[in-house]
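Chain nomenclature is as follows: A, B, C and D, assigned in order of appearance, with residue numbering initiated at 1 for each chain independently.
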Amino acid sequence: MRTGGPADGADSSGDGPNGPARGSSSSPTSPRSSREWCVDSGAHGYPFRPSLKCPYCDLVLTQVIVLNGGSSSGKSGIVRCLQAVLPDPWLALGTDTLVDAMPASLRASDAGIEFAADGEVTVGPEFRTLEAAWIEGVAAMARAGARVIVDEVFLGGADSQRRWQKALGELRVLWVGVRCDGAVAAGREIARGDRVVGMAASQADVVHRGIVYDLEVDTSHAESLECARAIAAQVS
Amino acid sequence: MRTGGPADGADSSGDGPNGPARGSSSSPTSPRSSREWCVDSGAHGYPFRPSLKCPYCDLVLTQVIVLNGGSSSGKSGIVRCLQAVLPDPWLALGTDTLVDAMPASLRASDAGIEFAADGEVTVGPEFRTLEAAWIEGVAAMARAGARVIVDEVFLGGADSQRRWQKALGELRVLWVGVRCDGAVAAGREIARGDRVVGMAASQADVVHRGIVYDLEVDTSHAESLECARAIAAQVS
Amino acid sequence: MRTGGPADGADSSGDGPNGPARGSSSSPTSPRSSREWCVDSGAHGYPFRPSLKCPYCDLVLTQVIVLNGGSSSGKSGIVRCLQAVLPDPWLALGTDTLVDAMPASLRASDAGIEFAADGEVTVGPEFRTLEAAWIEGVAAMARAGARVIVDEVFLGGADSQRRWQKALGELRVLWVGVRCDGAVAAGREIARGDRVVGMAASQADVVHRGIVYDLEVDTSHAESLECARAIAAQVS
Amino acid sequence: MRTGGPADGADSSGDGPNGPARGSSSSPTSPRSSREWCVDSGAHGYPFRPSLKCPYCDLVLTQVIVLNGGSSSGKSGIVRCLQAVLPDPWLALGTDTLVDAMPASLRASDAGIEFAADGEVTVGPEFRTLEAAWIEGVAAMARAGARVIVDEVFLGGADSQRRWQKALGELRVLWVGVRCDGAVAAGREIARGDRVVGMAASQADVVHRGIVYDLEVDTSHAESLECARAIAAQVS
């Protein structure tokens, strides 16, 4: 996992989505390794910390997990499993939360978001304006001490990721790609019965183009809970 | 409607929930009345403004509408009607959004939120911590240019309102009380069939104790759409 | 309330929806009035009876309640209140149950059911075929001892009622019209936010044309629970 | 697939869940094989037939598909896929439909159905009475010409199957077991987030004890759509 934004040190290899990685070495005089402390802290009931800083080292704990994947790739299931396996309580917010918060009139209009009969999704200017404010607000929740899992569909590819990167700034973010074979996702879309058929296939690859991740999982052959455990292992 | 917080001028009568009211008189040299401009702006398609400031006067448009009322008082219906009748797009967020975003484990625990068989709702420390960050984030969305309707249940009475007032600060807020006769709300709770029976009756009065409003509506004998129109008339 | 079908006696005025009304006078030698017995039976825990016949008289208890009304007229709320206030357990089934049971492909096709953007609902031949079998099955449930509340939208007017009358045959049915002023229903449709806007207005009157009821309620100015109590008072 | 009940011929091996299997050989003078006809009939738009009998042979088409499996085994997903891949329209009904139709008071009571905190489900006498009538009604729908997929949880094991066998009588039924490894189902239960945790594990094996199937599918490693295709291949 790598930290993001201008607050980062200049000391590192830096090919991650947030730019240069923060060094995570603990002080040699630390009574125990920072890693050990941070892992233990949740399990042993250390009170939930707004600062999210480990008192024994300068490691900043993961503050935001961003999951990106196409419709019916299994993100929501992974999010609920993550909330169950991570020792601290995390808020789960995402594109669906935002769309539900919009006026009904924006949900089928050129200005808002449109779901065509073939599964194509188009987003208009009023949607983008509200989305920009929404992203700022989610970042502010993380700065105010909530640990947040963001469940996203990067329809705009690298531009979408940049919007989040800019808002999340110095926050420590884990970027996760949720892959699912297009044909498998299309089958699950039929099985769910509550999505416009065609979204899964049309989004399966395009949402990952140009995105840089810390970690990728593939739900084609792995259960949500397995994926969640793999992600949780990268959360500090 | 009155504005809130320390940024307000000291010029006014100030018995509103946000403290002193901001003067809303337009400049005498203004080519048209500020009110006219602001009303027209939405209807005539003036682009959605992050600044929410009227170019002809110093009136700041309403940025947040907070609706407070007990369970089954009809808040959600009013919110959807408000989104339909207000000319600009408003985001609707509330207690239900927050509870849905929490881990399942916090939804029936001493640390989170508990819905007892008799309808009593108890909120624990971990819920409060996440809620505080959530409130900060919603305020940040409004500062970033989204107009936001907040659908709340002030279980903590005046303390609950103070938490929001503090976070919303200088933002221009319309505080709305949604009343509903306890017996009527209890009947609607049965008709909905998806709420713990007893919440409506136990919350009907208690959530309004000590709260100061700009406007109150009563759904006992008025339809959601009528209430929404009365509220919309107070939105600048 | 009137009984239906060929089992009816020839003694009566017969302007009810089921044809001639059955006399409800109890035998003079009955140890107590049939009415008293039947009312007591539920309250005092007399075991749920598949035959639904009162042992002291020839009164057949109400076996089916059919509620007919337009979209957003408030039928579902009344149904849940009826289930709460009636002493015996009643099954609630209706058009929504049937539509949910259909394949997704029939939910937007000429052969199935179509919800146009303006709220018009069109029903095709394959929908009608499955519906006919569904109605037979619901009638069979009542014959097998379940007391059933049917929540219907008679888009076909008197023809729709005739389909149900034919299937329900000799069963004792209470026909209830659920009226709601078109403008009020249209406002509630906006407040619900989960229905195609326009259905409420277009169905408000048309679904009642040519229908004969035992009882009508109007939700424009009465709560669901009040309406349910008025209906329950007619259930024997 | 085997037919059920007393109407069956005495000509066959009979180890299926419905007793003796009906011969499915077509007449040698048939202009084309019965199988070919029946498969074509749906695809080529032959009108939906209440009798469900092939005019060229004595083959009776499958009238009911009963899927039995534990909570979170993936039955509902398979049902929606079946509705999508089968050429005729099939109604989907099941335990969830029945539970939703019950009064709220029966959903947490000794007389109705109870979901304990550990996932145990207990069913009381009033639930059983309504369920018996429900089963009769579903069978009547199939007799009246609807093809029906039943989505069931045989909590009572072989007794549960016998109740359905008795009601379905002479109807041609395809009995399908939906297996899912208990640990996998438990993980999916967490991922769904809308079920009492523990149901999946406690039901995974017990619902299959003593049940005889025509076909079994296992969702542990196969997608819903694959399972649906395997089942559809057995539907005549």
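By definition in this document, a contact is a pair of C-beta atoms (placed from the backbone, for glycine too) under 8 Å apart; a residue touches a chain by one contact, two chains touch by 3 or more.
Keep in mind it's a predicted model, so treat the numbers as computed, not measured.
K.L.:
Which chain's mean C-alpha position is the greatest distance from chain B's?
P.N.:
The most distant chain relative to chain B turns out to be D.
K.L.:
Quick one: compare the interface residues of chain C with those of chain D and tell me same or different, with half as the dividing line.
P.N.:
same
K.L.:
So what's the Cα centroid distance for chain B and chain C, whole Å?
P.N.:
Distance between chain centres: 40 Å.
K.L.:
Express in whole angstrom the distance between the two chain centres, defined as the mean CA positions of chain A and chain C.
P.N.:
Measuring from centre to centre gives 49 Å for this pair.
K.L.:
Provide the C-alpha centroid distance between chain A and chain B, rounded to the nearest whole angstrom.
P.N.:
Chain centroid spacing, chain A to chain B, equals 29 Å.
K.L.:
For chain B, what residues touch not just one other chain but two or more?
P.N.:
Correct list: 80, 84, 104, 193.
K.L.:
Provide the residue numbers of chain B that touch chain C in the complex, in ascending order.
P.N.:
Answer in residue numbers: 74, 76-78, 80-81, 84, 184, 187-188, 190-193, 223-226.
K.L.:
Quick check on the complex: what are the chain B residues that touch chain A?
P.N.:
Against chain A, chain B makes touches at 48, 50, 80, 83-84, 89-93, 97-98, 100-106, 111-112, 126, 129-130, 132-134, 136-146.
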